[in-house]
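In what follows, chain A forms one complex with chain B and a second complex with chain C.
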Partner chain A sequence: MSESVVTNVVVPMNFPYNYRVGQYIETYIRGLGEGKILGIKCPSCGKVMVPPRKICGVCDRVMEEWVEVGPEGTVENYTVGHVRLNLGEVERLDTPVLLALIKLDGADSLLAGEVRGIEPEKLGDGLRVRAVFKDPAGDSLSDLEYFEPEK
Partner chain B sequence: MERKIAIVGQAQVNSGDVGMPRERLLFELVKGLFDQLGINRHDIDNYLICSNDFTTGRTISNVFEDSPIGAYLKDETKAEVDGVLATTYAMIRIMSGLYDTSLVVSNCLGASECRPYLVMDYQLNPTYDRQLGILNELSTAALQARCYMDTFGMTEGQLDETAARLLDNAARNPDSLPSNSAVTPGDVAASEYLYEPLRQLHCYPFTDGACALVLASEEKAKELTDTPVWIKGVGDSVETNYLGERDLARSRSTKLAGERAYGMAGITDPAGQIDVAEVTAKFASQEPIITEALGLFPEGSGGDVADKGLANTDGDMPVCPSGGALGAYAFAASGLVRLAECFKQLTGTAGDTQVEGARTALAHGQDGFCAQHNAVMVLSREEV
Partner chain C sequence: MRNVGIIGVGYTPVFVSKRKDVNIAELISEAVDAGFRETNLKPEDIDAFTFGNMQTFEGLNMPHLWASDHIRALDKPIIRISTGGTTGMSTLQAAYYYVASGMYDVVMAVTWEKHSEGDAQVGLSGIIIPEVIAMVQSGMDLAGGRGVGAMGGGSTGTAAYQAMSYLHHSGADPEHIDKMAAMERSNAAKNPYAHLRKETTVEDIQATPFIAWPLRYGHTCPTTDGATVCIVASEEKAAKLADQVAWITGLGACASDPCTGNLIEGQITDPAEQEPCCIASAKALEMAGIEDPKKEIDMCEMYDGFAHQSLMWLEKTGLCEVGEAHKLLDAGELEIEGRIPTNASGGVFSTNAIGTSAMNRPAECALQIMDRVEGGHKIPKKIKNALAHGWGGMFQYVTVMILSDTPRKLYPDGR
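For the complex of A and B:
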C-alpha cells in the first residue's frame, strides 16, 4: 500500500466494540475455566453442538441440555499455515502454525483449534488429539489454549 | 416474470492500482457507459449502489458515490454484499412498475486503499470465531479446499491446472487485471504456500475495481439497444456462518440459489442449457464446489474437469472464460463483473474470450467465509 504524503493520506481507525457474548457462550467459557468443554444437545435431532448456542437451526428447537464433551477428539480437517495475517497483512512464518477442525468425543459439530507438539507432516485426518487448558484460567475463550496429540 | 427486464449495457475497470480517487473512477466509468448508450443521468429512474462500509472506511459507503454516478437528488439506494444481489434488487424495482431504468454500480479499491483480508476478519462472529485468532479468510478457504480435495480425491496438481486455466483466460481478457499473464500449472505450483493446500496463485488478487450495468424494462431496453440480455431467473441463499456445522466439500446454499434461479428460468438441464457460466470462485478450489452445486458438473468431478479441460472456453461447459475472480476480484463488485462478462458473451463482444454461439449464461456472486451467501442469475438472448 503506497503511503506517499503527496498522493495519499493514511487513515487508521480504531473502533473497540463491547459485545455481550450471551448466556450460552458465558456458560461455555466458565466450563473452560474448570477444564471442561460443554456442548448443548438438541431435543429433536439429538445432535450435540460445540460451541453451544440456544437454537438448533435445523430443527428450530431451543436447546437446554448441557453435555460435557472431549477433551479428546479426532482431527477431521486441517491446514498447515505458512503465513499469518496481521491486521490483514500477510506475514510469513518461520515455523508453520497447525490449524484443525476437531470432532470432540461426544460432539457432532467440529471445533476449530490450534494443534501443537507435532510435526506438520504428521498432522492428518484421524489424528487423535486432546485439549490443553490454560492454568490458571483467565475467564476467556483462550482458556482452551490448544490441542496436542493424545498420549 | 410479470415484466421482462434486460441488461442493456456494461462498463468495468479492474486494476492493480487505479491511481485516482474513487469518485473520479466512478464518474468516468458511468459517464463512459452513458455515452455508449447515448443517455444521460436523467434517463435513469433508479440508482443502485453496491459497496461496503468496511472497504471504503466510512459508514454509509455510498454517501460520496451518488454524485459521481449521477444519482444526486435522484431515487438512489444501496445494497451491500454482492453485485448479483444488487442487480436483483434493481430488477425487482423495475418489475414493480414504478421504474423503467436502473443503474447498478459497484466498486472496491482493494489493492490501493483497503486490506481485503482485514475486511473479511470483520465478518467473523465477534464473540467466538474472531476471538480465536486462528480463523481468517485464507485459513478457512484452505480448510474448505482440503475438505473438497480429500472427499473427492482432487490432487494439488489438478488444483494447479484449474488456477492456470483461469489465469490463462484472464490474460486474454482486457477487462481483467492488466498484470495477468499466461501461466502454466508449474508456475502455480512454484508459487508459495499460504495455508496448505492453497498457494499464492490459487487465490484472488487484490484489485481496484468498479463495474456498472444499466437495466431496463422491455420497452426501454428495445429503445436503448438491439441486443438486450434478458434476466430469466434469479435466486439467492445463505447458510450458517459456523464452519464447524457446514459440509465444506459441497455448497448447500449455492445449490438452493441455483434451483431457485433455474425454476424461474425454466432450466431443467443446467449443463445442457447453459452455454457459459461466470462464477465467483475467490480461490481455485471453490470453482468445483460452486459449479457442482449449480449442476454444471457431476459432484466430485473437479479433478476430472481439470484433467480433461471440460471447463475450458472451448470445452463442454465453459466456466469463467474471463478468468473469473482469479483474474480480478473487487469486493462486492465481483458479482456485477460476472454479469458484465455474461453480457459480453451473449452480445458477442467478448473478443478473445468469446464462447462461440453463447445464448444462455449463468452469473454467480458470493460473500462470506467459504462462500456462505450465494446469488445466481440466469441470462439469455432469447426473449421468450
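For the complex of A and C:
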C-alpha cells in the first residue's frame, strides 16, 4: 500500500461465508465421487437438467426423477481463457485454458468445464468429449476434474 | 397515469479511473449540484429521491442514508435501488413510477459508483457468491475463486460464450467487434464526460491481448469513478420548470432464470438468446406507440460492457434484423452522422461507473433530445425518439426506455 495513511483508510477484514448447497447438489456431488453425473428430469416437459435443481421454472413443477447422464457429451460453445482470477487478482496464463459448454448425452442443459488434451484450434463446436473424474474423490464439484476428447 | 419527463441531467465534472480528491459522499454531491445548476432548481423543489449503485462494490450497505445530507435529501423520502448493471435505469424507472402515479411531482434520481475504492471483481463475486447456489447449479467449481468460473477472467470469460454465440447467429466476424470497439472509443473521444477518451483505430484494438477468445482487452469496459443525476417532473410541473423536456414515453423491464449469465441455466442453452431484451423492448416500444422501430427510432444508447454487445442489442431490441447490425456498422449507419447513431456517447464500453451506466444511457438520449449535449458527439439531426437499454442482474435482467420530444399519448383507459 503506497498511499499515505492520511488520505486513505484501509479496512482489513476476512470473514468467510458458509453456504449450504442443498440436497440436490449434495446428491450430485456424491455422484461425482462415484464417477457418475446425475441429472434430474422434469415430470412435465421431460427435460433433463444438469446439475440437478429442484424446480423446473418453465413448467412450475418440482423435479424428483434422477437420471444418469454422460459421461460423454458434445461441445456446444467454447472460449479460450488467457487469464484467470485468483482471489480477485487477474493472472495471465502461460498456457491458455480451453473452456467449453458441454451438452452431456441424455441432458438438455449445458455444463461448463475445462477441456484438456487438444489444440485450441481443434476445439470447435461439435467436438465429442468425455468426463475425467478425480481419483481419489474429494467430495467437491471439482471431482469432475476436466473433459478430454472422446477416444 | 401521468406523463413524466426528464427536465435536467447532472454529471460529475469528469468520469475517470480514480477520484482521489473526494470521498464517496462528496463525489455524489457534485452530480447533485450539477443537476440543480442545470435546472435552476433548489433542494426544496425536489419532493423525493431515488438512489442507486451496485451492491457490494464499495462494501457499503446503506450509502443513500449516510450520504443523505450530501444528496440534499434531508427530511425527504429516499429509496435505494440495486439491480446490478441495470441499477441506473431501474433508479430512473422508480422515479418515473413516483411521478406517473401522482405521488410526487418532482423527483431526483441519483446514481454513482466509485470503483477505485473497492475491487470490481470482488464486488462481482459479492453478487455471485451470495448467489452461490446459482453458481453451483451451473456445476462451476469455485475453488477459492480459482475454479472454472474464474478461468477466462470472470465476467469477460462468461461474456466470451455470448460473443461466440452472437458471431454464430449473425454471421459477423471477430473483426466487426474490433470495428465496433474502435468506433465507440472514437465517439468517446468527443464526449467530455467519457472516461477513455482517445481516437482509436481497429489496429489499436487488435494490438491488445486476448482475455478469452474472441474477446480482447480492447473489447472490455473500464472501471470508472463518477455520478449522474436525472430530475424528472410531471407534465404540469415540467411546463412551469423547464424550457426543454425529454419525455419518457415507454418503459420495459424483464428477467429470465437467475443463473450465471443467461448462459447455462436449465433450459436456455444459448447465451446470446437474451429473450428478456426482446420482451422489455417490445413492451417499451408498444407503450411509446412506436410501430416501426427501424424507422421511428432516431438514435440508441446500448449497455455494452463488451464490444460485441451493442451489435447484439440492436438485433434484440428490434432496431434491425438478426444478422443486420454488423452490416449497418460496415455501411457507417451506426456512426454519429449515420441513420441510427449507436452509443454516440462512447457507451458503457468507454465509461463505466457502473451504478450510473444504465442511467447514462437515457440521460444521453435526453440531452440529445433537449439539444443540450456538450462536446462533439452531438447528433446532427432532429431526435424525435430514442431507445435506451440497460443490461445486468445475473446477465439476465434487461431494462429499456423510450425517450421522445413530445409527451406520450395515454391509453384510452388512462394508463
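Convention: the second predicted complex is superposed on the first by the 138 of 151 C-alpha atoms of A that agree within 3 Å, B and C clash if a C-alpha of one lies under 4 Å from a C-alpha of the other, contacts with A are read in each partner's own complex, and residues count from 1 in each chain.
Throughout what follows, a contact is a pair of C-beta atoms (placed from the backbone, for glycine too) under 8 Å apart; a residue touches a chain by one contact, two chains touch by 3 or more.
Only a predicted model underlies this, so the values are computations on that prediction, with no experimental measurement involved.
*Asks:* Return fit or clash for chain B versus chain C, each positioned on chain A through the superposition.
*Replies:* They clash: once the shared chain is superposed, the two partners overlap in space.
*Asks:* In the superposed arrangement, does A:L110 touch chain B (first), chain C (second), both or neither?
*Replies:* In the superposed model, A:L110 contacts both chain B and chain C.
*Asks:* Which partner, chain B or chain C, is in contact with more residues of chain A?
*Replies:* On the superposition, C touches more of the residues of chain A.
*Asks:* Quick one: classify A:K41 as touching chain B (first), chain C (second), both or neither.
*Replies:* After superposition on chain A, A:K41 lies in contact with neither partner.
*Asks:* Counting only touches as set out at the top, which of chain B and chain C does A:L101 meet: first, second, both, neither?
*Replies:* Both partners, chain B and chain C.
*Asks:* In the overlaid three-chain picture, which partner chain does A:L141 touch, first (chain B) or second (chain C), both, or neither?
*Replies:* A:L141 contacts both chain B and chain C.
*Asks:* Which parts of chain A are in contact with chain B and also with chain C?
*Replies:* On chain A, the residues that contact chain B in one structure and chain C in the other are 11, 17, 19, 21-22, 25, 49-51, 57, 77-83, 85, 87-88, 90, 92, 97, 99, 101, 109-114, 125, 140-142.
*Asks:* With touch defined as at the start, can you tell me which chain C residues reach chain A in the complex?
*Replies:* 20, 59, 119, 121-122, 125, 129-130, 132-133, 136-154, 156-157, 160-161, 164-165, 168, 209-215, 257, 263-267, 269, 271
*Asks:* So in the complex, the part of chain A that touches chain C is made up of which residues?
*Replies:* Interface residues on chain A, with respect to chain C: 7, 11, 17, 19, 21-22, 25, 28, 47, 49-51, 53, 56-58, 76-88, 90, 92-93, 96-97, 99, 101, 103, 108-114, 120, 125, 140-142, 144.
*Asks:* Can you list the chain B residues touching chain A in their complex?
*Replies:* Per the stated touch rule, the residues are 17, 57, 112-113, 115-119, 121, 126-129, 131-132, 134-139, 142-143, 146-147, 150, 192-197, 240, 242-245, 248.
*Asks:* Taking the complex as given, what residues does chain A use to touch chain B?
*Replies:* On the chain A side, the touching residues are 1-2, 11, 13, 17, 19-22, 25, 49-51, 57, 77-83, 85, 87-90, 92, 97, 99, 101, 109-114, 125, 140-142.
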